[in-house]
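Each remark here refers to the structure printed beneath this line.
Per-chain residue numbering starts at 1, and chain names A, B, C and D are given in the order in which the chains are listed.
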Amino acid sequence: MDFTYTILIPLIPLAVFLILGLNALKIKENVAGIVGVLGLLASTILSFYTAFQYFFKVGKVDGVYQTFVEKTTWMNFTDTLAIDMGVLIDPISVMMLVVVSTISLMVHLYSRGYMHGDQGFTRFFAYLSLFSFSMYGLVLATNLFQIYIFWELVGVSSFLLIGYYYTKPSAIAASKKAFIVTRFADFGFLVGVIMIGFYTGTFDFVTLNDPIALQDTASPIMQNIGVTFMGFSVITTALVLIFVGGAGKSAMFPLHIWLPDAMEGPTPVSALIHAATMVVAGVYLVARLFPMFHFIEGGIALEVVAYVGGFSSLIAAVIALTQYDIKRILAFSTMSQIGYMMMALGISGYGGVEGLGFTASMFHLFTHAMFKALLFLGAGSVIHAVHSNVLQDMGGLRKYMPITNITFLIAALAIAGVPPFAGFFSKDEILAAAYESNQLLFWVEWIVAGLTAFYMFRLYFGIFWGKERVYKHAPHESPLSMTLPLMFLAVVSAIAGLVPFSQFVSPDLVGYTTHIHMDIAAMSVGIGVLGIAIAWIMYKKETTIADKITSAFGFFYKWTYNKFYIDELYLFITRQIIFKRIAQPFAWFDKNVVDGTMNLIGNTTVDISKKIKGAQSGKVQDYAFAFISGVVIVIMVFIYFMN
Amino acid sequence: MIPGVTIYEILTVTTLLFFIGVYGFVTRKNLISILLSVELMLNAVAINFVAINKYLYPDMLEGVYFSVFIIAVAAAETALAISIIINLYRLVTSVDVNVTETMKH
Amino acid sequence: MEQIIFYILSLIMVVFAIASVTSRKILRAVVYLLFVLIGIAGFYFLIDYNYLAAIQLTVYAGGIIVLFIFSVLLIHHIESKLEVPSLGRRLLVGFGSLVGASVTLFTIWSHPFNVAENSTKATEVADIGRGFLSYGEGGFILPFEVISILLLAAMIGAIIVAKGTRLTQKN
Amino acid sequence: MDILSLFVIVPVLTVLILVFAKDLKQARTIALIGGLVQLGMAVNLLFEYFKERALVPTSESPMLFVKDYIWFENFNIHYTIGVDGISVAMLILTSIVVLAGVFISWKIKDLPKEFFVSLIVLATGVYGFFISIDLFTMFIFYEIAVIPMYLLIGIWGSGPREYSAMKLTLMLMGASALLLVGILGIYFNSNADGGALTFNILEIAKVNIPFEAQKLFFPLTFIGFAVLGALFPFHTWSPDGHASAPTAVSMLHAGVLMKLGGYGIFRVAMYLLPLGAIDWSWFFIILAVIGVVYGALAAIRQNDLKYINAYSSVSHLGMVLVALLMLNKTAWNGAILQSLSHGFMTALFFALIGMIYERTHTRDIQKLGGLLKVLPFISAVYIIGGMASLGLPGFSGFVAEMNIFVGAFQHQDLFHRVATIATISAIVVTAVYILRVVGIMLMGPIKNEEFNDLPPSTWFERYGLYLLLIPIIGMGMAPLWLSDMILDSLTPFIARF
């Protein structure tokens, strides 16, 4: 089967980007919207066609999903090492194509309503197309370097979109923060990529992920496995560094600080980039290299992934409890859910049912993309109506916004893991996998599940129930262009869990069947319902319980409310240490010491020349005297020294 | 050859004259005085030529020739120098070397 | 007799030379120089180069000194005094000249001159003239002619420079 | 007429015609035509080169279109010219930047004729430098390129221009003194295997210059060229010089002239003195890595746009030097690509800074703000340039930097590893200072009411910018042909090590 046409999936948005971007000032709003949506629609249709072809027609040969690669050389490093560009079709890339296409199309549709009347409408759609292009390229990458290339492009489109409201100082700061933090993580990623290239001799995913070669120390890619760095194999180090890159983009602790601030961007952007697609790129990256992570040195790197993921999900859930900005709550929730996915990857095995963690992680990625995008779009709809992000300004909106209310509720139920919504199935698989391999992480995630349910319903009740506020204009339901994507996503969130995911996605590409683990499901649903119930008691009607609890936990509350002061720590490091203690002295050093030395040399020359110039008075007499003295001295020298 | 006078004595006198000229050349500020000192030095040298010719090579006359040349050149030089000085005086109404430094610029 | 005359002449020359370079009145300096030049002419007589002595008297004492006096009269008031250089400068230069003189004298006195004794050949003006006009080996016809051209050039130059501005302005 | 000498003759002819120009209009038209002809020649040369290279592989003849005229027989000085892939790329860079410079100087006010004459004399020197194979001829062209700089900054500059011009000229002259000693040292050792003394690079490359001599003359030649390439700590002329220079001169200087440094190091110091290079590389790697990190950090705290760009140049060109000293093909390829990429980018930046300064009369980023709103085109190009500068994929900087990093990583010892990691870390710092400028200057609220009605960019400004943007994006999108051409030309070099 020839999948060459999939190259069009990223190229169509690129063309749209060029058309809209080059004429950003000329194209009218409705034209830009239509061009953008149509472009993405084409890509979406192609993606779904690809998925259909791959999963149901040609992908499976003898029960194993095949990997299709189409590529061309882009640049040669050495005679053996080169960067290729191309498309790689395998279960996870096709699954990601579907996710990206669906969410992106919904966000495009939604944006036509949400951004209506905005000055930079065309620019916004150009950026969205640029992002879609980069994300598709990332998903379809055939090798590490290609993924790095699109990784950076995704980063820059994220930067542009966060800074979309470029006259707003907080948006500028947030975009800068996002770019620099992820850039810092990418520094690790890049070093990791270069290390892999150097020690294995290839960047190619197919070669790198070959399980037979990975288990055979004589194979070319394992030739340098014996080279160590700080007690670990260099390849393990490289994998950890690559994971640092993934952690940066996926907002894992401690590189998560940019994600909450990134909410300064327009809400559709938050839904698309900072909830559903770009932030899961880190998960996708680890999944891409999963065989390597798993086989190299018994999966030490994978353990790092598991613990970082687990810890991130816990800390994010705790912080989310106390926040008031509804988008930030969702952002921390995103971070927490991505932690879940990372953790699931980390504890996964390779073959057959062992690979449940991997499957679950991808499954959760899929379902989470749907319901989290829905949550963000719903939040956007609310913000659109209330013109505020803050929970205190909302309440009782269910009467004004029925569609938003119901869709939001579905998404909240999904994320809380209530059956039969999508989140229940994926979360259940994750917990089951964790239970099998790592009890500690299982209990952590179990608690997180409860916390998730609690803060999501705190949010839900806070917005749609609770005390009714006085609104300047009466809130109204959003236009159809916005509610249509909400309804579509709500349907998907409700039913996506029924997809037999393990049939399609598994680490060894074979596929297997799973069933619901009743005991674990009972536990997780139990704690979920408990969380919802507590939220119900505290927030459905206006009560003072919340305040009492808050004051009871005073110190702890303050810490979580301030996100454990991690931002302040970073600020301290960058402002006080890097800027003030390093960059400033460097600039000073250059002006005064280096340049000073050069000037000193120059000035000394000038001074000396001035003194010499004094001797060079232009008075013939002085010259004559000097001349005669010289003659006398020379004669004396001849007399006394030469003889 | 002067009876009873050695070449050493003659050269001593000319040396003294020469260095008196040097002293004058360097210390004087007035252009004419400087020219005077130059004349002193030239004459001292001319005597040297003559004396050495007479004492060491009495059969030849090269010393005399050169003395004549020196005198001729000195005359030419003086004439030219004085004309320059006069012209300069017209321009800056001074013949002080320090003042005439302005010519350098 | 000649010895005594030489010493007297030497004394006159040195004393008037010093007077010439230190005198504060320019006209006196010129007159002192005249005495030195006459002393030199006397010296030429002593050494038996009468022709040279005659030239010295006519050209120097007669020509150059007159030029000097004219220019001094043109430029200076007779009574105006010359600026005296600073003491430090005088001492420095005096010391320098003294060192130079002593070094030179030391060199002269320590050099064994190969004096040709007992030559009594008288010098005739005709010999000098012949030497100047000879174009054979050792002849000085070329420098002689060059000098004449130099003198001519100096003369023209002196006129042009001294007349100065008006001539050049026309061009 | 051989097609290489044209690169010297056409600018000289342009200058001769320019002398008769009466006013700005005539001068700029002549300069524009001259620039266009040069660009055409450069592009033509590229195609001719490919055609010829297909017939004559590099192993047979490293240089093509070689022409040799005796110039001064006694010292065996020839006017020898020829090109390989590296010089062809450099010639294209030069012709594009010169043409863009003419566009940017479209409305120069003072002494337009003299300005264009100096500009093109400078270009002549650069062209000549890139085509020479004879060391002496090369050195002469080098001097021709450096001298007009003094006039251009001293006369048309701004701020403390005399100080800057003097500083720049003195430092570069000092460097060329060292360089001359180095070149003469090479010359007098060029008969080490018997045979005549020669200045011809290709001839000298066949000779085994004794190790002691290489050790002595390598640092001289290296520093002589590296001062122009802004090697730490000899970079201080660059910020002041750039800040004072008029726009087109900054463009040409940073874009092209500074590349002479790296090119010269590679073509002369390393090619002719390989043993010296191996022996000294550790020392210069330290200096170059310091330059990379230090330039980037110093750029963080500057407020003058030109200073920021100048320090960023120090950092980027430091990477070129690091890459050259890594002594393998991948890194060298990166170094040359980085030279090209930096040439286009920095010219673009200086052009933009010039336009912004012309409109707002300030280069202090703290006083600017919200330009994206009032000058959308210029600001958008600035952002694109910034993205290229911080090594974003799709732009030339990425291609170059990746080659450098991968090449530098080929060394396995700790020293090289540390140097490599330090160099890579500069990309983070680069992102910081680029975004700082973008955030303060382009985004945010408009700080000054007067900025609300700034004139938009004119057509010639746009042409200039497009001219520079096209190669940046082209190199970034499809680097294969260029990098393969350079890689191929590197084989004779790698054979020396």
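Quick note on the criterion: contacts are C-beta pairs under 8 Å (C-beta built on N, C-alpha and C of every residue); 3 or more make two chains touch, one makes a residue touch a chain.
Everything numeric here is computed off the predicted structure, so don't read it as measured data.
Considering every other chain in turn, the ones in contact with both subunit B and subunit D prove to be A. The minimal number of chain-to-chain contact steps leading from subunit A to subunit D is 1.
Of all chain pairs, the one linked by the largest number of contacting C-beta pairs is B-C. Look at where the CA atoms of subunit C average out and do the same for subunit D: the two points lie 67 Å apart. A separation of 95 Å divides the Cα centre of subunit A from that of subunit B.
Each chain gets a centre from the mean of its Cα atoms; for subunit A and subunit C, those two points are 100 Å apart.
Our note on geometry: subunit B versus subunit C, Cα centroid distance of 5 Å, whole angstroms. Taken residue by residue, subunit D touches two or more other chains at no position, since every residue touches fewer.
The multi-chain contact residues of subunit C, meaning those touching 2 or more other chains, are 93, 96, 100, 104. In subunit B, the residues touching two or more other chains are 22, 26-28. If you check each pair of chains against the touch rule, the ones that pass are A-B, A-C, A-D, B-C. Interface residues of subunit C facing subunit A in the complex, by the touch rule stated above, are 93, 96, 99-100, 103-104, 106-107. Across the complex, subunit D meets subunit A through its residues 166-167, 170-171, 232-237, 239-240, 294, 297-298, 300-302, 311, 329-330, 370, 372-373, 376, 380, 387, 390-394, 398-399, 402-403, 405-407, 409-410, 421, 424-425, 427-428, 431-432, 435-436, 439, 442-446, 478-480, 483-484, 487. Chain contact summary for the complex, subunit A toward subunit B: residues 617-622, 624-625, 628. Touching subunit A in their complex are the following residues of subunit B: 22, 25-28, 34, 97-98, 101, 104. By the touch criterion given at the top, residues 24-25, 73-78, 81, 83, 145, 148-150, 152-153, 156, 159, 163, 166-167, 169, 172-173, 175-176, 179-180, 183-184, 187, 190-191, 194-195, 197-198, 579, 582-584, 586-587, 590, 594-595, 597-599, 602 of subunit A touch subunit D in their complex.
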